[in-house]
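Below are two complexes that have chain A in common, paired first with chain B and then with chain C.
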Partner chain A sequence: MKTDTGTVKVPIGEEKDFQSAEIWARVTGKAVYGSDFSLPGMLYGKILRSPYPHALVKNIDISGAESLPGVRAVLTGAGLQCKKYGIAVDDELPLALEKVRYIGDEVAAVAAVDPETAERALEAISVGYENLPAVYDPDKALEEGAPQLHEDFPGNTAWQRDLRRGNPDAAFKEADLVVENKFTIPAVHPAYLEPISCVAVYDPYNGLILHTALQSPDSVRAIVARVLEMPLSRVRVIGPAMGGGFGGRVYGNLKLYIISSLLAVKTGRPVKLELTREEEFTVGRPMVSASIKMRMALRRDGKILAREADIITDNGAYSAQAPWVSKTLSERNDSVYRLPAVRTRLRLVYTNKVPTAQYRAYGNQAANFATESLMDMAAGELGIDPLELRLRNCTREGDTTVHGLQIESCALSSCLQEAAKEIGWGSKKEGRGYGLSAAIHANGSLVFDKNFRGSSALARLELDGRVTIFTGEQDYGQGTHAAFALIAARALDLDPQLITVQSGDTLSSPYSTGALAMRQTTIGGRAVQLAARDLREKITRLAAELSGQQVALEKDILAGTSGVPRDFAAVAYYYHTLTSGLNLTGEGKFVPGPADYDESGYGNISLTYSFAAHAAEVEIDRATGALTVHRLVAAHDSGRIVNYRSACGQVYGGVTQGIGMSCYEGYLFDGGRVANPSFADYRIPTSLDVPEIVPLFIETEDPAGPYGSKGIGEIVMVPVLGAIANAVADAAGARVTDLPLTAEKIYEALAGWECAD
Partner chain B sequence: MKKQVIIFQLNGEPAEIHIDPAKSLLKVIREEFGLYGTKAGCGKGECGACTVLLEGQAVNSCLIPAGKINGCSVETIENLSRGEDIHPLQKAFAEKGAVQCGFCTPGMIMSAYAFLKSNPRPQPPEVRTAISGNLCRCTGYKQIEAAILAAAPEMDKENKG
Partner chain C sequence: MSYLVATSLEEALTYLRDSGGRARVVAGATDLYLKDLPHSLVDLSALPGASVIEEADGLITLGACLTHASAASSILILSRATALAEGCMAIGSPQIRNIATLGGNVVNAAPAADAAVALVALGASAVLVDTGGRSREEAVEDLYVIFNRSAVDSTSEILLKLTIKSCGTGEGSAFTRFAPRRALSLPLVNAAARVRIENGCFREVRLVVAPVKPAPTRLLQTEAMLEGMAPCEETWRLVERAASEEVEVRSSLLRCSARYRNHLVGVLAARVLQAASERAREEEGVDGR
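And now, the complex of A and B:
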């Protein structure tokens, strides 16, 4: 058995506590976010939404709205020529044509001189609806005779997957123990603090410009160009500052971008559309809810033989990325442990509810909740310590997992041991519950867009000797730009303070698939590293040419004998005059080879993989079921850490989101209506809700990432759910399998257990 | 509602507007005075992104009608630093990793500012209570708490100096 190469490192290195200068605009209130952005002559758009979950649109009368003073445009679906579009499947139109499919579906849009006039215009539109039977429960939506949402998707199945690896039937027959349960996870919202907004500008000379902050501006740009049938070069996205993303702004709210664009084209004026917080919850895109029936076969010695899962994910009325989230949910977690056999069945089902998309970690956290709960159930039945059971089964360096992932760096067993040690696994306190959980997350997906697996970057030498990095990788606080400055600084031997990273404009930035799949530090960082190296090589070569002698570059000083330019500025100016105006520029193109995988998805689908193990310590009030999370230890193998302070920030923030999802977050529905569309009713963690969080970095040297590093942004959230669920089960002596773990559910579980006792 | 003349102090200077008194202080600050450092996260007093000081007290400006500010002093994030002087709180937020997306930051800093003025040597639990009305989705609040604790002695020194 291979042992881990990792070592524990407490984050203290000041050299790895770098913040780029863009931080100052944010602390002084000077950063301009999308919601702060406006232009002269700008109009305000508003959207009329369906009040019914499922209805035919019989007629729309817009004459009253059109005749209001100050109204510049009124749009309905009938007036548009757009084809259906989508992200994973094409199932949406910018505005409803014949039918609405959820409460909030876009029916008409207006642009007016101010928000109040736009609001009055909406009130002046009358729509005739004919109600249709609606379906809210995905199990019912799959039944024969259920109301059908989309003609193109009979049986309400948006996407499905049936997957088998190895021989699960034989494994279950051979097993000494089978544990099984059903787990439910509600829809959750990324709840970025700034609601999404967009200012669209159109003129025939410049084409269309969208001022909106996106994690993947290039992907949105391509979709908007396709829907509006505009040449791609006529669409440009410029990003203001972004008030949080967490996956929710990869594609953001496509409807908003498309409708504001249509209004801008129609009026010839800039048009601003923004969501209210309530709209964020009711028409923004939460992550799919899931119901997971899972069973696991084990041998007496704790060896896992097989795992089976039957999963239903609730798509809501339209798909966005729900198929991709469902795919990750259905398989990624299988590679945490050495599973010889797997059978998975997943159905993504249309219902007349809010459409769904994605959130940090792409559903991997939902699968973690189910699997890790079963692991502890099995440990209990077998009389094996939960830590020991995990160590006997966990994936290790050199493994090829059940889905064909090739693990070249992995400190998962060390993460488990260190997390357990730090939480006090061997010296548990009386009256407290303890839980462990493990996770893997793909780090730089090669299959998100098979044609764009890598990233590219430009490193431009400015005339004063500073360096500007142009990248398509967006930073909205997760620290990508600071990490890139550090990587480039190391490659160039230059002070990172002298490096500026630019990514906000599709006209000047290289293309990128976006801030997703934990690809930025590894894949984007490699491109930056290559660009900086290329620039360094060119600088040294030009310095030699300029001085007619050998030149070495050390600590940003060009060293040679007399007559050698002393700094980068001299070389920059030399090249500038030589070319009559160009800047010396290094190019970095990092293009990983194609992922080797078959039609069933078997293969190595990512550049590399990050690992984590979390341990939780909780307490339960037995009189009320109230849960207190006291401590959470987060041990991470994210390779060499590029920037400790921001890596810690990712751990603190991601763990806190995991705590929210474990303990109280989740959509509530009243029929098709979202019953908790506000921060008062959809509670996210406050400063009083966060326990002590201990980040531990078990640093491996990854062969693929820049300077041995791997990603961290998404995996931080994944193991929290299983760790807390297991700690609650340990404290309560009974298991809650329905998230979130509210006092009410814990109380019921306690009561059931105490009766049985 | 009928417009009224409202006279108040904004960031230490006299201000006068003719406005619907039901309009929120948040909209007044942003739309009438162009001070966009104060952020709008929910419009219902649930997130704290719009926190400003009203008569020295931290308030959600989205909940304060303009009619209520007549004769009052209002202080926004733009007033904390003048020119190149960076307020100790802002410096600590930048240096301690307390800022990720930064959207909650101005409101968070204003809450911390009001709190440290009344409690210059706080204990960590007091800091957590003081910012419990300001939601942050990025940071888990840990580095925010550290920044406020680090800024406290600096700010105290400045106030005494």
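And now, the complex of A and C:
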């Protein structure tokens, strides 16, 4: 058995706490966000939405709205010739044609000279509906005779998967212990603080420009071009500052971009559409809710033999990325431990509720909650310490996991040991509960877009000797640009403060699949590294040509054999005159080899994998069930840490969101209506609810990532759920399997009450 | 919309009178945007004495425009009306506490307003004056009509001040709440109590819980049961049961089940009485002090 190689090392950047200068606009409130953005002559768009969960649209009368002074355009589905579009499957239209499928479904849109007139125009539109029976519960939606949402998806099944690896039947027969339970996870919203907005501008010369902040502007640009049947080069996305993304802005709100574009084309004027906070909750795209029946087979010595899961995810009315999230939810977590056999059945089901998409970590956290709860149940039954049980089973360097993932670097066992040590596993305090949890997450899925597995970047030498990096990888506060500046600085031997990273305009940035799948630092960073190296070679070559002697580059000084130093500016200017105007530019093209996986998805689907183990210390008020999370230790193997400060920031933020999902958050529905569409009732943690968070970085040297680094952005949220659930169970002596872990549910479990409904 | 910052009571009343019901009174205005905006507003925060805190002859007078932050940090309120300081500290967030006022907390008439719950437990009275020049004094709990509707008509009447009998020797008060998170959250249940301990026994207990009815609700049967009982473990057990049995609460999708809320009423009633009685005994000089 190979042992972990993780140790704490000097950060890649020479400065431990590097901050990119672009952060100052944000912290001083000067950054221009989408909500702030406006253009002269801009119109304001509003969307008329269905008040019914399921109904036929019999007729729409827009004459009243059209005749209102100040109204410049009114759109309905009947007036458009758009084909169905979607992200994973094509099941949406910009505006409903014959049928609405949830409360909030887009029915008509207006553009007017001010928001008040647009609002009045909506009121002047009359729509005749014929109500249809609706279905809200995915189990009921699967029943024979249930109301059907989409003709193209009979039985309301949006996507399904039946997967078997190894021989689970034999394993369960052979097992000394089988633990099982049912876990439910509600829909959760990424809750970025800036609601999504878009200003669309169209003119025949420049084509269509969308001013909107996106994690994946190139993907959205392609979909908008397809739906509007415009050549791709006629659509451009320019990003203002982004007020949070967390996966929710990979595709953002496609309806909003498409409708604002249609209104801009129709009126020839800039049109702004902006979601209200209530709309963010009712028509934005939360992550799918899940119901997971899971069982695990173990040998007496703690060896896991197999695990089975029957999973239902609630798609809501349209799919967005829900099939992909469901896929990750159904398999990624299986590679945390050495599982010889797996059987998984998953069905993603249409219901007449808010359509769903994704959130940081793509559902991996839901699977973590289920699996890690079962691990502790098994540890209890077997009389093995939960830490020991995990160490006996956890994935290690050199493994090929049950789904074919090849683990080139892995410090999971060290993460578990260090997290346990830091939380005080060996010296537990009286009256406190302790829980552990482990996770894996992919760094840059090679299957997300088979044709674009990698990334590219340009490193341009400016005439003053500074360097500009052009990348399609987006920074919205997570520190990607700072990481890229550090990576380029190391490759160029240049002060990182002299490097600016640009990614805000699809016209000038290389294509990218976007800020998703933890691919930014690992894959985007490699492209930046290659671009900077290419520029470095070109600079030294030209410096030699310029001075007629051998030149070496060290500490941003180009020293010739004669001892006369030449700075970057001299080289830049030399090339500039040589070419009559060009800038010396390095190109970085990082193209990983094709992913090798079969039809069932077996194979090495990612460049590399990050690992983490979290440990939580909690306390429960036994009279009320009130939960206090005292401490959360987050031990991470994200390879070499590029920027310590940014990495800590990711841990603080991701753990906080994990605590939100564990203890506070979740959609509540009254029939098909979202019952808590506000921050008053959809409760994210406040600063008072966040415990002490301790980041630990167990650094491995990854062979694939730039300078040995791996991703951290998504995995930070994953193990929180299992760690807190297990700590609560430890403190309460009873287990809650329905998220969030509210005081009420904990008290019910403590008191042995039957379920409250 | 017009906005008048009134500098005298006369000016405020005249403006209300002249507006014929289209103007309403505001103080902190933190909940204003949650409602339909009126035609015009009269801001009371600049009235003389609007934010006063004073004590005379055992009576504490509080200006209706006193902010929650000021009340929570007043030495007088902390020592002589502790429940109110605790209730004020529990509301919203620092930003909200810096502008939201005691008068607003009462007239806004939310059923579980933390300061109002404490005021009722302390036996506070409200002094009001209307556009006709008539003045009245009412117990705070009598200012509620139905859920979220006050008996004070803000288009024609002004809540000027609140008065509380100061807690003296052998007296103490406390407030507590149970909420789904530690800030910016309505309570599932809140409770406040004022007690007097005489010869080691409860006298004149006022025990209030919310949200049960439109107004902060005194648990009269539990109060009566406590008369003459000693503050001890056995008593807390009895209070828990009595308080739970005395109230009828509703299930709410956004908050919690009726059964759980009922359980919380009992737990919080016992806890708040225990805290209040400990303070009363400190005042009485028990425990060697």
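Here, the second predicted complex is superposed on the first by the 740 of 757 C-alpha atoms of A that agree within 3 Å, B and C clash if a C-alpha of one lies under 4 Å from a C-alpha of the other, contacts with A are read in each partner's own complex, and residues count from 1 in each chain.
The rule is short, and it goes like this: a contact is a pair of C-beta atoms (placed from the backbone, for glycine too) under 8 Å apart; a residue touches a chain by one contact, two chains touch by 3 or more.
What you see is a predicted model, and the numbers here were worked out from it, not measured in a lab.
Student: Report for A:70: first if it touches chain B alone, second if chain C alone, otherwise both or neither.
Tutor: neither
Student: Once the structures are superposed on A, label A:147 by its partner contacts, choosing first (chain B), second (chain C), both or neither.
Tutor: Once the two structures are laid over each other on A, A:147 reaches no partner at all.
Student: Can A:592 be said to touch chain B (first), chain C (second), both, or neither?
Tutor: Touch partners of A:592: none, neither chain B nor chain C.
Student: In the overlaid three-chain picture, which partner chain does A:649 touch, first (chain B) or second (chain C), both, or neither?
Tutor: The first partner, chain B, only.
Student: Hey, is it chain B or chain C that touches more of chain A?
Tutor: Counting contacted residues of chain A, the larger count belongs to B.
Student: May I ask you to decide whether A:748 touches chain B, chain C, both, or neither, giving the answer as first, second, both or neither?
Tutor: A:748: touches chain C, not chain B.
Student: Which partner does A:380 reach: the first (chain B), the second (chain C), both, or neither?
Tutor: neither
Student: In the superposed arrangement, which partner chain does A:664 touch: chain B (first), chain C (second), both, or neither?
Tutor: After superposition on chain A, A:664 lies in contact with chain C alone.
Student: Let me test your reading of the model: by the given contact rule, A:51 touches which partner, first (chain B), second (chain C), both or neither?
Tutor: Touch status of A:51: no partner.
Student: For A:626, using the defined touch cut-off, is the partner it touches chain B, chain C, both, or neither? Pick first, second, both or neither.
Tutor: A:626 sits against chain C, while chain B stays out of touch.
Student: After overlaying the two complexes on chain A, where does the chain B footprint on chain A coincide with the chain C footprint?
Tutor: Residues 679-680, 685-688 of chain A touch both chain B and chain C.
Student: How about chain B: which of its residues touch chain A in the complex?
Tutor: 30, 35-44, 46-47, 49, 76-78, 80-81, 86, 90-91, 93-97, 99-106, 109, 127-129, 131-145
Student: Chain B touches which residues of chain A in the complex?
Tutor: Within the complex, chain A contacts chain B at residues 17, 19, 23-33, 35-36, 190-195, 241-246, 276-277, 476-479, 645-646, 648-649, 651-657, 678-680, 684-688, 690, 693.
Student: Given the complex with chain C, which residues does chain A contribute to the contact?
Tutor: The contact residues of chain A facing chain C are 623-624, 626, 664, 668, 670, 675-676, 679-681, 683, 685-689, 742-744, 747-748, 753, 756.
Student: Write out the stretch or stretches of chain C touching chain A in their complex.
Tutor: Answer in residue numbers: 93, 178, 180-186, 251, 253-254, 256-257, 259-260, 263-264, 267.
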